[in-house]
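Going by the order they are written in, the chains are A, B, C, D, E and F; count residues from 1 in each one.
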Amino acid sequence: MSSAGSAKTSFVSDLKPGERVTSYFLVRQKQLEPFRDRAKGEFLTLMLADRTGQILARVWDNAPAMAETFAVGDVLKIAGDVEEYQGRTQLIVQKVRVASEGEFLLADFLPATTRDVAEMVNAVQAVVARLTEPHLAALVRHFYDDPDFTAQLAEVPASRRLHHAYLGGWLEHLTQVLAFAETAIALHPELNGDLLRTGALLLSAGKVHELKWGRAVDYSDEGRLLGHVVLGDEAVAQALAGLPDFPPELALRVRHMLISHRGRYEWGAPREPMTLEAIALHHIESANTQIARFRDLLATRRDGDQPWTGFNRLLGRPLYAGYEDAGGAGPDDGPEA
Amino acid sequence: MSSAGSAKTSFVSDLKPGERVTSYFLVRQKQLEPFRDRAKGEFLTLMLADRTGQILARVWDNAPAMAETFAVGDVLKIAGDVEEYQGRTQLIVQKVRVASEGEFLLADFLPATTRDVAEMVNAVQAVVARLTEPHLAALVRHFYDDPDFTAQLAEVPASRRLHHAYLGGWLEHLTQVLAFAETAIALHPELNGDLLRTGALLLSAGKVHELKWGRAVDYSDEGRLLGHVVLGDEAVAQALAGLPDFPPELALRVRHMLISHRGRYEWGAPREPMTLEAIALHHIESANTQIARFRDLLATRRDGDQPWTGFNRLLGRPLYAGYEDAGGAGPDDGPEA
Amino acid sequence: MSSAGSAKTSFVSDLKPGERVTSYFLVRQKQLEPFRDRAKGEFLTLMLADRTGQILARVWDNAPAMAETFAVGDVLKIAGDVEEYQGRTQLIVQKVRVASEGEFLLADFLPATTRDVAEMVNAVQAVVARLTEPHLAALVRHFYDDPDFTAQLAEVPASRRLHHAYLGGWLEHLTQVLAFAETAIALHPELNGDLLRTGALLLSAGKVHELKWGRAVDYSDEGRLLGHVVLGDEAVAQALAGLPDFPPELALRVRHMLISHRGRYEWGAPREPMTLEAIALHHIESANTQIARFRDLLATRRDGDQPWTGFNRLLGRPLYAGYEDAGGAGPDDGPEA
Amino acid sequence: MSSAGSAKTSFVSDLKPGERVTSYFLVRQKQLEPFRDRAKGEFLTLMLADRTGQILARVWDNAPAMAETFAVGDVLKIAGDVEEYQGRTQLIVQKVRVASEGEFLLADFLPATTRDVAEMVNAVQAVVARLTEPHLAALVRHFYDDPDFTAQLAEVPASRRLHHAYLGGWLEHLTQVLAFAETAIALHPELNGDLLRTGALLLSAGKVHELKWGRAVDYSDEGRLLGHVVLGDEAVAQALAGLPDFPPELALRVRHMLISHRGRYEWGAPREPMTLEAIALHHIESANTQIARFRDLLATRRDGDQPWTGFNRLLGRPLYAGYEDAGGAGPDDGPEA
Amino acid sequence: MSSAGSAKTSFVSDLKPGERVTSYFLVRQKQLEPFRDRAKGEFLTLMLADRTGQILARVWDNAPAMAETFAVGDVLKIAGDVEEYQGRTQLIVQKVRVASEGEFLLADFLPATTRDVAEMVNAVQAVVARLTEPHLAALVRHFYDDPDFTAQLAEVPASRRLHHAYLGGWLEHLTQVLAFAETAIALHPELNGDLLRTGALLLSAGKVHELKWGRAVDYSDEGRLLGHVVLGDEAVAQALAGLPDFPPELALRVRHMLISHRGRYEWGAPREPMTLEAIALHHIESANTQIARFRDLLATRRDGDQPWTGFNRLLGRPLYAGYEDAGGAGPDDGPEA
Amino acid sequence: MSSAGSAKTSFVSDLKPGERVTSYFLVRQKQLEPFRDRAKGEFLTLMLADRTGQILARVWDNAPAMAETFAVGDVLKIAGDVEEYQGRTQLIVQKVRVASEGEFLLADFLPATTRDVAEMVNAVQAVVARLTEPHLAALVRHFYDDPDFTAQLAEVPASRRLHHAYLGGWLEHLTQVLAFAETAIALHPELNGDLLRTGALLLSAGKVHELKWGRAVDYSDEGRLLGHVVLGDEAVAQALAGLPDFPPELALRVRHMLISHRGRYEWGAPREPMTLEAIALHHIESANTQIARFRDLLATRRDGDQPWTGFNRLLGRPLYAGYEDAGGAGPDDGPEA
C-alpha cells in the first residue's frame, strides 16, 4: 500500500513538538467547548488521524465559525504548530480547509498491510492457475478473472478489529490460509486438493461484501444483516447457475465447505462440517485467524516494559508478551521479603 | 390426502386376528432367521407398514427364495392370515409379489395430515393474494404461482420426526404460522404486516428442498449439507435477481428475516434477528413448532392408562398426558401407608 | 393513564427555551458543585424528571440552603426559566418547594401506557367472564374480583426495563398474551382452552408483587429474593387452599403451567414445561415479550438518521431500524470508490 | 430399619444353590415365554426382589394360569428351589400366592439405611429443640411436631437414584447436612446459626412430597410437575400464614434460602443465592450429596478386582475405586514389553 | 498481623478533619493537574493508602518538583492537614519524603487477617502432626517442616480479590477447610481421612507461588501462565521424587485429588474428580470459598442503610445484606399507595 | 510396523470360506453357550482378532474343558476351518493352545500405522537436530536422546479411539504437526520457531504415559487420573530441574505452551493460551487431530454404496463420504414424483 505520489508529507507518528506542519488529516472527533472564562466563547477540540495514529488538536481562534465548515469523516488540509502539553503532543491549528478527493490518497488514512500487495495477488492468482479440476477452475476463475472482484480483493480488510484489520489484510490472510492448505494436502492424500484450494479461494466471495472501508473500516448493512457466510453462498450459487455443466454433487461439496467454515453453530455456521475438506478448511482458517489475532494484540503492547497486555474481554484474559530480554530471568521473583 | 380410488383396501390399523387379507404394504425391515430346528432351514421376518402403522409378518415356507424377490422400501401385494401371538397381532404371509408403481397410491404408505389439503392451499393463496406491497407480492408470487412449487408445498412434511412429520405437515404448520402472524400484526402496529407475511410464506422456499419423501421421509443430501436456511436463501436470492426493481433495503430485510428465523446461532441461524419482523417470525414459528411437537408426543401415549410419556432425550424429560378423567382426582395419592 | 385533573401543566418534553414555567418535577439527582471562582461558594445541579423525560436544572442562588430542604425522590413545585446552553435545554430554578402528596398525580411522573386502561381492564375481565370450566373460573375470580388486585393490575409495569416497562405495561402485555392464546386455542383443539386462559390470567398473581413503582420502577425485595414465579405460586396455592373442591390434578396442571412458564431452567423456571398448555403459555408469552422488547429498543433510536441502534449487551448485537424511506434504496452502497 | 417381627425369613442375598426356600418376594418383572419346543406351551420368567437384591425365577409348570393370578408390584409368598445355571443363581418356583398386606413388612422390600433411625430422629429433634430464635423455632416445630410429617421423614429416600436412594436416606442426609452446618456456623460467626439450621431442617418440607415409595421409589406426579423446591415453598408459606407475628423480613430470608438452595438456575433453582445463609446451605447440601453419590457409586463396584467403575453418563466419566491393597503398587505398570 | 513496634501511628480510617498528622502512606495514584488559573502552574493529586483504606491528598506548593521524587508504589512519610471538602475527607500535604524499607511494616499497608496468625499456624501444624499414615505424613512434612514454606504460608492471601484477599487469608481459609474435612471424615467412614487431610494441606504447595504480595496483591507471572494447580502438582511431584518408597498408587491418588480440586474442566481443573477424597476436597474447599466470598462482599456494604450490595458482575446479581434490625419488618411494603 | 519374521501367516482380513487355517489370534471375547438341545451340553463362542479385523469362532467339541485353558487377552495358536454362515464368515476351531510370548509379534495384533516408522523417527530427529536455541535443544534432547523414550515414541497410539488410534499413530501425528509448525513459522516471523518446535516435540512427553498398549489400546490409570497434560508437565519440569542454566522465563513459556495446548478450559486445559507460540501450537495440533479424525471416520464407511456414515454421537452428526463417482451427479434427485 505504497504512498508514492501522495501529497501527504507529514504523518502523525512523526510529529515533533516545536515544528510547524502542513499536511492532510482525517477528522475522527470534533467538539466545541467553552473557555473557562465564558466571556471568551468557545474553542474547538479535534481528534485528527492518519494511518499511523491519531493526535489531539485545538483551534483557539474563530472556532465556532470554522467548525461549521467541515464534518467528522472529512479529510482536512491543516497548517499548525506541534506542542507538548502535560506530556502529550498536540497540534495547535492555524489554518484549515476541506481537501478535495483528488488531493490525497485514501491509503494514507487507513492502516494497511506492510506486505507487497502485487506480490500477494500474484501468489494467489498462481494458485488459481494451477487448479486442474476443470469445473472448480472455472468456478474460481469466475471470480478471480473479474477485475472488480480482484480490485476489492486487494483492499478488503479481514475484519473490522479482530485480525488483519487493515487494508490488504484479507489478501494477507488468504495467502497464509492457502499455504496452510498446501501443507494439509501434502500430509493428507485423502484430501481433494483442488476442492480445498477452491474453498479457501472462494471465502473471498463473501468477504468483499461484508466490510466497507473508506475513511474507516466497518461492516456494511449487508455484512451485519446477512453475514459473509450467506453473502458468499449467494455469490457462489449465482456463479454456479452460470455453469450448467458443473456436477451437482461437487457443487454441493463446494457450498457445504463454505457455509460450514466457521465450524460450529454457535460461531455462526448454518451447518457444521461434514466432509473432509470442510473440516480442514475450518481448522486451517481458524488457526491463521487466531495466530494473527494474538500477534496483533501482542504488537500493540510490546513496546513498553509491561510484560502483559491489558485484559481482553473477548478472550477473557490478558496475553503475555514477556520481557525485552526474553531469554533472561524475568523480574518476577516472587513475594518481596 | 384422500385415498379415493386406491387399490389398497385394508390398512394395518384395521387388521383383526382371524381374518384373511389381501392388500399392499411397504417393507420397512426384512430378515432371514434360522428355525430352532436348523434342519428346517430359514424363515423370513418382515416389518410391513402403511400410513396407519406397522405390523410384524412371517413367511414360513420357501422363505429364502421369496426373500430374493424384493427389497426394503418396496411396496408388496400380499395375501395372508392375521394371527395373535403373545398378545401381538402378526401376519402370516401366504403370497407376495412386488407391486408396480401404478397399482397403489404413495399417500397410502406415509402418514398424512388429516386436514383438507385443498382448503389449506386456498387459505395460504388467499394470504398471498392479499399482499398489498407490490414488490413483496411479486416476490411471493414468483413461488406461489409456480405449479411445481405448490405441488411440493401440498406434500412436504414439516420435519422428519420433530413436528408435523407427515405429508401435508408443512402446509398445516404454515397456515398456523400465518394465523399467529395476523394476531401479531393486529397487536403490534409497528410491524410491517406484509413483510412478516412474506417471511412466513417464503420459509417454504427452503423447506421443499430440505426433505425428500417417497416411501419414507428423510433429509435430502442438500438438506443435510446445506440446510433449509441456506437453500431457502438461495431460492429467494435467485428470485430477487429476476426482480430488478425490488428495493435493495427491502430485499435485505426479507433475506435477514429468513436467515435469522431460527433465532440463535446455536440453533443453526447464521445471523440472529435484528429487526422487528425477524424477531416476530422467529417467535411465532417456534411457538407453533413446539406446541405441535408436544401435541404429537402426547398423542402417541395418550391412549393407555399411563399418565407419563417415555423420557424424551432431546427434551430431557417425559411429558405429562394425565389421566382419562383429567378433571378428577388422580391416583397419585402420595406415599403408601 | 389520563392526567385529567392534574395540577401539572407543563411537561419536560414541551419545555421551550425562553419561556417561564411553574410545574411539578421529580428529583432524580441532586449535587452541590463549587463555582469556578470558589469565593462564590456552591451552586446546585439537579436532574428533574416527569413521565415525558428529564431535564438538567441549576440553582445559582442560595443553593446550599435550598439543597437542605428536599431529597432525591421528592416531587417539587418549581418556578424557573428555560434556557439553551451548548445545544441543551436546561432549567434555571428560581423557586422551589416540596409538593405534598395530594397536589400531584403519581402517573405524571412515571412513563405510562398510551392505551386506554379501562378498555384493557374490560377486555381482560371479559375473558374472565367467559371461562366455562367452573373450578378454573372460581380460581381466576378469586383474584380478578378482588379490587386491591385489580387496582394493582391496572398499574404494574411488565418489567423494570426489558419490555412494557411503564405503568399499565403488564396490562397491555396481558391483553396481548390473551389474544395470542385465543389464536393458539383456535388452531390446536387439543389445547384445554380454559386452562391456557387461566395460565395467562394468573401470571398476574406473581407480577403484582415482583415490582414496586412509585416515583421509579424497581424490584421489591420480595421480587428480587423470591421472584414472580414463586410469589405467583404462593398466591395461587393459597387461593386453591380456599377452594376445597378444586380437583387435585387440575390444580397440579395450573401450578405446573405457571411455574414452568419461563420455559428453561437457565431462564429461571424451577420446572420445564411438560404439558401442552405449559409449552403453549411459555411460547406465546415469550413471543410477545420479545416483540415488545424489540419494538421498545427500536423506538428509542428511530428518530435519527442512524439506521442502527447502539450495541445491546444483553442481546449481544445492535438492532436495525433502517432508513426513513424504508422501501427505497439505502445509503449503504458498499466500499467507497 | 429393623426387620424384627418380619415373616420374611430368607433374603435374596442369602440364597444358596441347592436349598429349598419359602419366603416373600416383590415382583419386578414378569414375562411368559414359549418353550423351544412350542408344543410344550409357555413358561414364566420373573424378576423377584427384596431389599437385598434381585433374582431371576422360572415357573415351568402351569405357567399361563399362574401368571394370571398376580401382577408386577405384588408381593408373593413363594416356595421353590435355588439352582445355579450358567454361573447365575436362579429360583425354580414350585408354589406361589399373593401375600396380603399384613403378612410382610414393606421395609423388607426396599433397600433401607443401615443406620439407627430412632437415633437419627433424636439427633434431628435435638437440633430443633436447641433453636433459640423464637419465630424460627415455632416455624420449624410446625413441621417437626407433626407426627405425620415425622413418620414420613423417617422413611423418605433422598432421591430416586442419585444418592441416599433408600428408605431413611433423607434422614441420614439431613443429619449429615446439619453436622456440616454446625461446622460452618462455628467457623463463620457472620452466619445466623438458627437461620441456617432452619434452612437445613425445612428442606424436608418439600422432600416428603417429591417422592413416593411403596414397593419402589419413584417421583410422585407432584414431584415431577412441581418439584420439591416449589412443594417445600408451598408448605413453608402455608406454615408462615399460620404464624401472624413472624417478622416479614425473616420470612423472606427463610424462603429465599430454601428456593435458592440448588444454587444455580440451570440446576433448577428459581433464584440464585443472595444471602450468606443461602450460599452456605447450597454448598453444604451439595457437598454431602456429592460425597454420598460417589460413595454409593464406588460401593457398587468395589468388590471385584476391577479398579474402575463403569462409565457414568451423568458424570461423563468412570470413578476410581482402586485396588484392594490401596497402599501398595498398582498393577498398572505401563506399556507391556 | 499485629502492628506492634510499627512507626505508623495514624491510619486512614482514623483521620479526622481539623487534625495535623504525620505518618506513612502507600502511593496508589499520582497525577499533576493544572490550576484553573493556568498561570499558577500545576498541583499534585495523590491517592494514599494503608491497610485501613485510602484517602485523596493534594500538594498545592512546589508540586512538579516534589512529584519527581517518588513513584506509585512507594511508601512516603507525610506531614499534612486533614480537611473536609464537599463531604469528603482529604489530606493537604505539607511535607513528603520516601520512607526507607526499615522504617515501616509491610503489614501496615496491606489488609490482613484479624485472626491470630500464630494460633492458626499451630492449628494447622497440629493436623500435620496427627497424620498417622507414614507416607502421607512424610510427604506433608516435606513442606510443613520447611521454614521458607511456612513463612510464606503465614502471609499468602487466598486470592487477589475473590475471597480471603488479605495477608494471612490463605491460612485462615486452610484452617476452615481442615475443619470441614474433619466433619466429612467423621460423617463418612468410607473416606480415607489422612488422604483427605493431605489433600487440604497440600493445596498450599501451589498457592504460595501463585500470588505475589508486597505493596499490593497480584498474580505472579507463574501464577498467570501456569496456575496454582500446575504449580502445586510440580512441587508435590518433586517432593514425591525424593520419597522413593512412597506407594505409587497412593501418589496417584494424592496428585489426582490436587489437580482435580477445582471440580470441573470449565473451572480450570485438568481432570475432574474420580475418587471419593477428590470429590470431598473439591466440595469442602468450594463451600468455604463461597461462604467467605459472600461474607466479604456483604461486609463491604453492610454499614449503610442500603439493604442490597451493588450488582456483582461475576455473580450476575446483587447480594442482600438486609436491614439493621434484621429480625423486624423491612421497609419494603410493596407499591406505594 | 512391518511383520517381517512373524510366525503369523494368516490374517483375519484374508480368511476365505472353505480353507483350513493355522495361525495366531487374540481372544477378545469368550462365552460358553448351551446347545439348543441341552442334553448336548455347551459350545464355546469366541471373538478372535488381529490387526486386520475380527472374526466369530465356535468350538463345538469339548468346549467347557477347552475354555478353562485360556483367558480373554491371550494370544492363541488355532487350527480350524473357515465357513460361511448366514452371510458371515466364521471359524470352526479344531485345535487351540495358548501361544508363548516369543512366538508372535505384538504388532500383528494391534492395528498399526501404514507409514514407515523408521523414516518418521528420522524426520522427527532431524527437527530435533536443527534446533539452534541451545537451552531448548538441550531440553528436547533430554527426551529424544533417551532410548526408552524413543522406543515408546515409535509405538504409542495418538489416542484410544479418536484419531490415529493405532501403533505408531502418535508418531504419524507428530510428524504432521511439525510440518504444520514449519508452515506457521514461515508465515509468521513473530513466532519463535524453536520454541514452537519444542512445544510440538514435547507433547510426546505426556503422551507416552497416558496410554498403554499391549493386546489392546487403553488409558493407563495415570492417564485417566492425571491426564497427559499433567504427566507431560511433570516430565518436563523434572527435565528442567536437571538443566540449572535454563532461563526461567523461557522455562515458563515452554511449560505454559504445553499445559495450554488443549486451548480451552472445557477441553481440559488448566490454562488457556496466552502467548503467540501457545495459540499456534493449540491450533495446528487441533487442525491435524480433526482432519485425521474425519479421515478415519470416513474410511470406515467409504467402501459401501452408502454416502453417509452413521450418526456420530460425539460430533452430533453423520459425515458425508459421498458417491463413488464423486464428480458426477449424485442419485439424490429430490422428492419422488
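Basically, a residue touches a chain if its C-beta (ideal position, glycine included) is under 8 Å from a C-beta of that chain, and two chains touch if they have at least 3 such contacts.
Predicted model only: the values in this text are computed from it and were never measured.
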Count of contact steps on the shortest path from chain A to chain D: 2
Chains in simultaneous contact with chain B and chain D: C, F
For chain E and chain F, chains touching each: A, D
Identity of the chain that, by mean CA position, is farthest from chain B: E
Pair with more cross-chain C-beta pairs in contact, given C-E and D-E: D-E
Copies chain E and chain A - interface residue numbers shared by over half, same or different: different
Candidate from A-E, E-F or C-D with the same interface as B-D, over half of contact pairs in common: A-E
Separation of mean Cα positions, chain F and chain C [Å, integer]: 62
Geometric centre distance via CA averages, chain C-chain A, whole Å: 43
Chain B and chain C, separation of their C-alpha mean positions in angstrom: 42
Residue numbers of chain C (touch at least two other chains): 36, 221-222, 224-225, 249, 252-253, 256, 274-275, 318, 320, 330
Chain contact topology (line, ring, star, complete or other): other
All chain pairs that touch each other: A-B, A-C, A-E, A-F, B-C, B-D, B-F, C-D, C-E, D-E, D-F, E-F
Residue ranges of chain C touching chain D (in the complex, touch as defined): 221-222, 224-227, 229-230, 233-234, 237-238, 241, 249, 252-253, 255-256, 259, 265-271, 274-275
Contacting residues of chain B [partner chain F, same complex]: 32, 34, 36, 106, 152, 155-156, 208-209, 211-214, 220-222, 224-225
In the complex, chain D residues that touch chain F: 36, 86, 307-308, 318, 320, 330, 332, 334-336
Residues on chain A engaged by chain F in the complex (per definition of touch): 133, 135, 176, 179-180, 182-184, 186-188, 190-192, 247-250, 252-253, 256, 272-276, 279-280, 283-284, 286-288, 290-292, 294-295, 298-299, 315-320, 322-323, 326-330
